[in-house]
Amino acid sequence: MTKPRFDTLLLTGAAGRLGTELRRGLAPLCKTLRVADVTPMTDLRPNEEAVTYDLADQEATMAACEGVEAIVHFGGAPLERPWEDILNANIRGSYHIYEGARKHGVGRVIYASSVHAIGYHRVEDNIDANAPHRPDSLYGLSKCFVEDLGRLYWDKFGIETVDLRIFSSFPEFTDRRMLWSMLTFDDCIRLVEASLTAPRVAHSIVFGTSANKHRMVDNRLAGHIGFHPQDSTEEFRAEVEARLTAANPHDKAVEYLGGWFVNLGHPDDEGK
Amino acid sequence: MTKPRFDTLLLTGAAGRLGTELRRGLAPLCKTLRVADVTPMTDLRPNEEAVTYDLADQEATMAACEGVEAIVHFGGAPLERPWEDILNANIRGSYHIYEGARKHGVGRVIYASSVHAIGYHRVEDNIDANAPHRPDSLYGLSKCFVEDLGRLYWDKFGIETVDLRIFSSFPEFTDRRMLWSMLTFDDCIRLVEASLTAPRVAHSIVFGTSANKHRMVDNRLAGHIGFHPQDSTEEFRAEVEARLTAANPHDKAVEYLGGWFVNLGHPDDEGK
Amino acid sequence: MTKPRFDTLLLTGAAGRLGTELRRGLAPLCKTLRVADVTPMTDLRPNEEAVTYDLADQEATMAACEGVEAIVHFGGAPLERPWEDILNANIRGSYHIYEGARKHGVGRVIYASSVHAIGYHRVEDNIDANAPHRPDSLYGLSKCFVEDLGRLYWDKFGIETVDLRIFSSFPEFTDRRMLWSMLTFDDCIRLVEASLTAPRVAHSIVFGTSANKHRMVDNRLAGHIGFHPQDSTEEFRAEVEARLTAANPHDKAVEYLGGWFVNLGHPDDEGK
Amino acid sequence: MTKPRFDTLLLTGAAGRLGTELRRGLAPLCKTLRVADVTPMTDLRPNEEAVTYDLADQEATMAACEGVEAIVHFGGAPLERPWEDILNANIRGSYHIYEGARKHGVGRVIYASSVHAIGYHRVEDNIDANAPHRPDSLYGLSKCFVEDLGRLYWDKFGIETVDLRIFSSFPEFTDRRMLWSMLTFDDCIRLVEASLTAPRVAHSIVFGTSANKHRMVDNRLAGHIGFHPQDSTEEFRAEVEARLTAANPHDKAVEYLGGWFVNLGHPDDEGK
Amino acid sequence: MTKPRFDTLLLTGAAGRLGTELRRGLAPLCKTLRVADVTPMTDLRPNEEAVTYDLADQEATMAACEGVEAIVHFGGAPLERPWEDILNANIRGSYHIYEGARKHGVGRVIYASSVHAIGYHRVEDNIDANAPHRPDSLYGLSKCFVEDLGRLYWDKFGIETVDLRIFSSFPEFTDRRMLWSMLTFDDCIRLVEASLTAPRVAHSIVFGTSANKHRMVDNRLAGHIGFHPQDSTEEFRAEVEARLTAANPHDKAVEYLGGWFVNLGHPDDEGK
Amino acid sequence: MTKPRFDTLLLTGAAGRLGTELRRGLAPLCKTLRVADVTPMTDLRPNEEAVTYDLADQEATMAACEGVEAIVHFGGAPLERPWEDILNANIRGSYHIYEGARKHGVGRVIYASSVHAIGYHRVEDNIDANAPHRPDSLYGLSKCFVEDLGRLYWDKFGIETVDLRIFSSFPEFTDRRMLWSMLTFDDCIRLVEASLTAPRVAHSIVFGTSANKHRMVDNRLAGHIGFHPQDSTEEFRAEVEARLTAANPHDKAVEYLGGWFVNLGHPDDEGK
């Protein structure tokens, strides 16, 4: 049996949907997995240690970075939220993570960015990672911010980052779009593992979908990451198409990569 | 058994070489396949209905578009012909198809364009679909025209188009070039089906070859179409190379994507 | 005094708006200016010879190309027209011109293409001549066709072409857009002269505007043509802005290069 | 005398270095110039009205946007500052401005972005506006954020933005780099005026330097803005080179567009 | 059994590491394999004929090209050497080969170029064959020279070339980098065979690695060569990672494609 | 009077056509101009010191680099010559120069490269400095070599280089092509001065022509050099066109940037 590659990894958002999956996936890679979330976790595995704090708490967030080799940063608001929430959880929270990395000499950050950082590009444009930011929401805007933050910390402080632009990673298909946008949990784990173990990542952006039939984006600039998805949604197509209505190619939610996010109103208007 | 995705599809050029293959391939996709050609067809399958007209006849061509959800437009002159033929069958005929689509609210056109729209690009240039038109014949010029026509009808009238730049789709190998240019009939059917069923195509261009050893063009801009050829010519290589003479890399027919079309004289000169 | 560079030039559309200006401009360049139009011209200058025919008449059109060194092809429908008119005057007519050039060994064609060949590109995209065709009208579509026709006759028959994508060349400002799109008559003459006299043009595309304040397209691929506009609309700005209403940046006629052409309906619908 | 183009413009940061110059420059363009700053202003011109508030105050910032046609947003921290200052003045403050624009139907925002949004690109790379963000400081990072914020408000809410990436706009030369990076105050006014009056800007990025001898960036994607700098630093070269030491081409401050900002440490480390 | 495609092939460097492998691989392709090296070879196979000479000997080198259809040029110094050695073996020697090809009408040269011609590009840049030369050594510089030499002989004399930019092709893993850079001997033979038999190669550049997990370069411009590697280093990963130390992503030897070559000093300094 | 910017500059090829002009141009820039040539020079100006040696003499060439701040390397064969001459004067000679620069800590080399390094690009392609090498002669091939040599010495040893791709710099017009390719002597001096004094050049390539009417190449990647040609050939057009025959646009010497060099045979064939 090979020994784990890392001594200690930090996983933020560990109690969330993807965080829960990643706990399973990262276990073999490290001696200690430090799992962090604002929600306390009690079901710890033998090699896990838990820390509980709000990402908006700079001191606690930075302290959790001590003694770790790499950070898998999946914490923060996972979808569109009012500005104050996005500001605190995603913008301020990620700043605290990078400051923690800087203070404690962490070498690499794997960040759960999102398709929503580029949600206003059209599917037929087949963009690659050189395409400019076009966020589709405050959520997406915060992802753009953290990508640029990682860029700065690479250029100036030498901390490596891989920004994973995850498309859809859910347990169920609730939209036909997921037939092309889905990243299965297993492929998500493969993506994080590849990002952690690639020989050099500098500051890189990788699109995260499984090897689905329709590929709306082109990962040609991420060959050095070594991500090879193994799953496909094709086996679910018949069931999903039978259950869910076909979308109109003229709907913005079909036209743009961001899907239904582009049709969301402004989150601060809700309840007004 | 899943129900067909479409109620009615129109297939033009249905009595031609590829049309005949497509009748087989499209049958499972629709309740009714309206098969059109200037040549009457009598061997109709149960779910087929035939219409017979010349594409140069605007009224008849437009009438045939009524009540269809999508048009698979493979009609017209299939190779180099004198100008008057190209003008009537391909230029005027395709205009009539698009006018029919506009009048009758057809949402999508799948058009049999051709490598001959870009026949004067070199094989070693590995072009993608952004490369400009470089027709190699009046035939190729008419394909360029229809691609631009589809672009206009998308930008102005919202009718989607996929232009299939088919390289070679024949029952026999008559030229070593076909070892790289061949699109098998089964892959041709896959290509049309993918184009009909992709969630959004806007105005797209796809190169149509099988997954052959030599890939002279790059389909990276067609990921959203979801075309995955399953065939390869490799199994025929030994037989073909034994039977047909190797070509000279300095021959224009080897240099350019268009093959022997680039060596054709002007079709209006024939017989003079 | 230097002797004229050319023996005989052919100018089509010579009785039209731009043709009339070009008669003045081309006079010093040739011993004989053959002026052609469907409308008879009687005010001939000493070095002019007139021919009268319809471009749809292949025989007459081809005959007029005999003995000329270069053709300045400004004939045809100058704006949106029903399909039959566009087909005859622009598509068939230009084919006849190129066939005349081929038959009679004419070396170079200067063609009055138009912004409407690329009218559906956005002004903020600052496209160059590599951008694909995006016609905004049947008129624009015919310009795309003739550009591709010229490409074929260059690649296959060695006839050089410069496609002049003229934006607006009118005696009066009738739209604020003309402040950026105008090509003054003098600059139009400079453009044609440069295209006729450049040492080698192969098949080239040049955007035709004066040196106006706002430059929505980039002529970087036309350096070999040597076109240097000398005029600017800036001196007319105050008067034009006082007289004509400002346009809304969200109007399609402001958004797209093609201006009000993008808002035109289909010309074949008129009167229905 | 022509009447002003705008009824009311809002200028933020009006008491700052560039704000003071812009008050002079914007006066002829509008009936009323609403000048805003956290510092009270008492030297108001006849057509000026003053509002005093902190950009971190969302209510006051949004209220100041009422009744204006366009916003010239030059407020916020003008150089590197600790994170909390950058967060409040630049990130939160600019969010408040865009929310004010959205609430009150303001059509266009002209934003004082900065070279520091792209400070880690090398001078010899001659980048254009398609180059990705590479901030050189928290200050630059906040500029990246606001550029993306403007992109979102354009794509989703239709508010136009021009991001002015100003290089150096100071009254004195304090660094030889300014010989290439300087934007004179008069050219800065020209840049803002062009951005306010261009027929359509959508979401655009313009580099802001005068027409200096060395041009480290390429404004080819901003032709539609119509910015034509009139000044050059060349007349000051002899004096500046005599007074200030030549820099080493291997210094990072010479290598990168951001100049001495790339050599700054982290602002939160100061005093520790 | 199919007859060999070629009558006579010339293999230079036939006694070297890769030459020895290629003797095995090329045997089935030709009736006679002329094996050349400065070291005499005695273990000749039945269809081999040996010639022994130094590439610096113009007369002998040219003579060996007589009567061959294609040259597989793997001779010369295979790694960094003092300038005089590089000059004689690689620069002068390759000039003699191309002169031999020109004199004796050889149609195609397959040249063992190297990653070291582009060794100063970064792994995260995922370059393709359009990226400019960035040699990392005198050895790499000589590879650049021969690539340009082949370009000249193609453009001017019509001799085809494929430049194989071989990354690492060794019997053992001596560096973790080889996990991504290795080209197995069998894939090397596939690469040479594909280059010899592609219908047209003009002047082409192909990157030579196996189908390893991490792909630092993009072979998209070599589709016409038809190279499909079949091997991967993944099966050796566990053993190699256990045996060899992980490299630091900040080391130049990890940062740049050229690996440890970028850390070499100047070879002429040795012994001084 | 300003003091000279440099203490000592080395000018190679000082007795040649351009060297003679540069002696005049460089005089004001340095206290001492070391003028080197294989031909002895006796007409020394007060601030000149002469050294006489053959570039093929490594020791002498390196010795001449001692104590200089920058090298203006215009020595070597100035046109097509047999291989042995090119090898010795241009390839070996330039290697000696760069070794001299490395040994003696010279910071910058300005190299007289040539259009002939890219002579096989077509004039209508309007290439920029990213276009790959396409030499048109052994002379051009040697220029490619030295460009790559300078790239290596920049990447590895930190010596800056500007490669000046001079088109034509002659006292007389002997070919109509010179109307677009000419770099006047005064503009040549401006080009060298700009290259010497730009704040940072790294490894850069600049095209060298005057501001002529036809611009076949695009200097957009050289903005950081600050070269602004002041001359134009337009004033000589009438005389030159009257005297020299117009060229055929189908001639290779007109088609390609390299002019008549592309029509040269192989120099080693002469006299055979």
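Think of it as A, B, C, D, E and F in the order they're written, each chain with its own count starting at 1.
We adopt the following convention: contacts are C-beta pairs under 8 Å (C-beta built on N, C-alpha and C of every residue); 3 or more make two chains touch, one makes a residue touch a chain.
These figures come from a predicted structure and were not determined experimentally.
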item	value
Both-way neighbours, i.e. chains that touch subunit F and touch subunit A	D, E
Equivalent of B-E within the choices C-F, B-C or A-D, defined by over half of its residue contact pairs recurring	C-F
Of B-C and A-E, whichever chain pair has more C-beta contact pairs	B-C
Subunit C-subunit D separation of Cα centroids, rounded to whole Å	41
Separation of mean Cα positions, subunit C and subunit A [Å, integer]	52
Per-residue overlap in subunit E, given as positions that touch at least 2 other chains	220
Those chain pairs that satisfy the touch definition	A-B, A-D, A-E, B-C, B-E, C-D, C-F, D-F, E-F
Residues on subunit C engaged by subunit B in the complex (per definition of touch)	83, 87, 91-92, 95, 99, 102, 120, 130, 132-138, 140-141, 144-145, 148-149, 151-152, 155-157, 262, 266, 268
Subunit F partner contacts - residues on subunit D that touch it in the complex	122-124, 126, 176-177, 180, 213-218, 220, 238, 241-242, 246-247, 249-250, 254-255
Complex contact set, residues of subunit F against subunit D	2, 107-108, 158, 160, 198-204, 220-226, 228
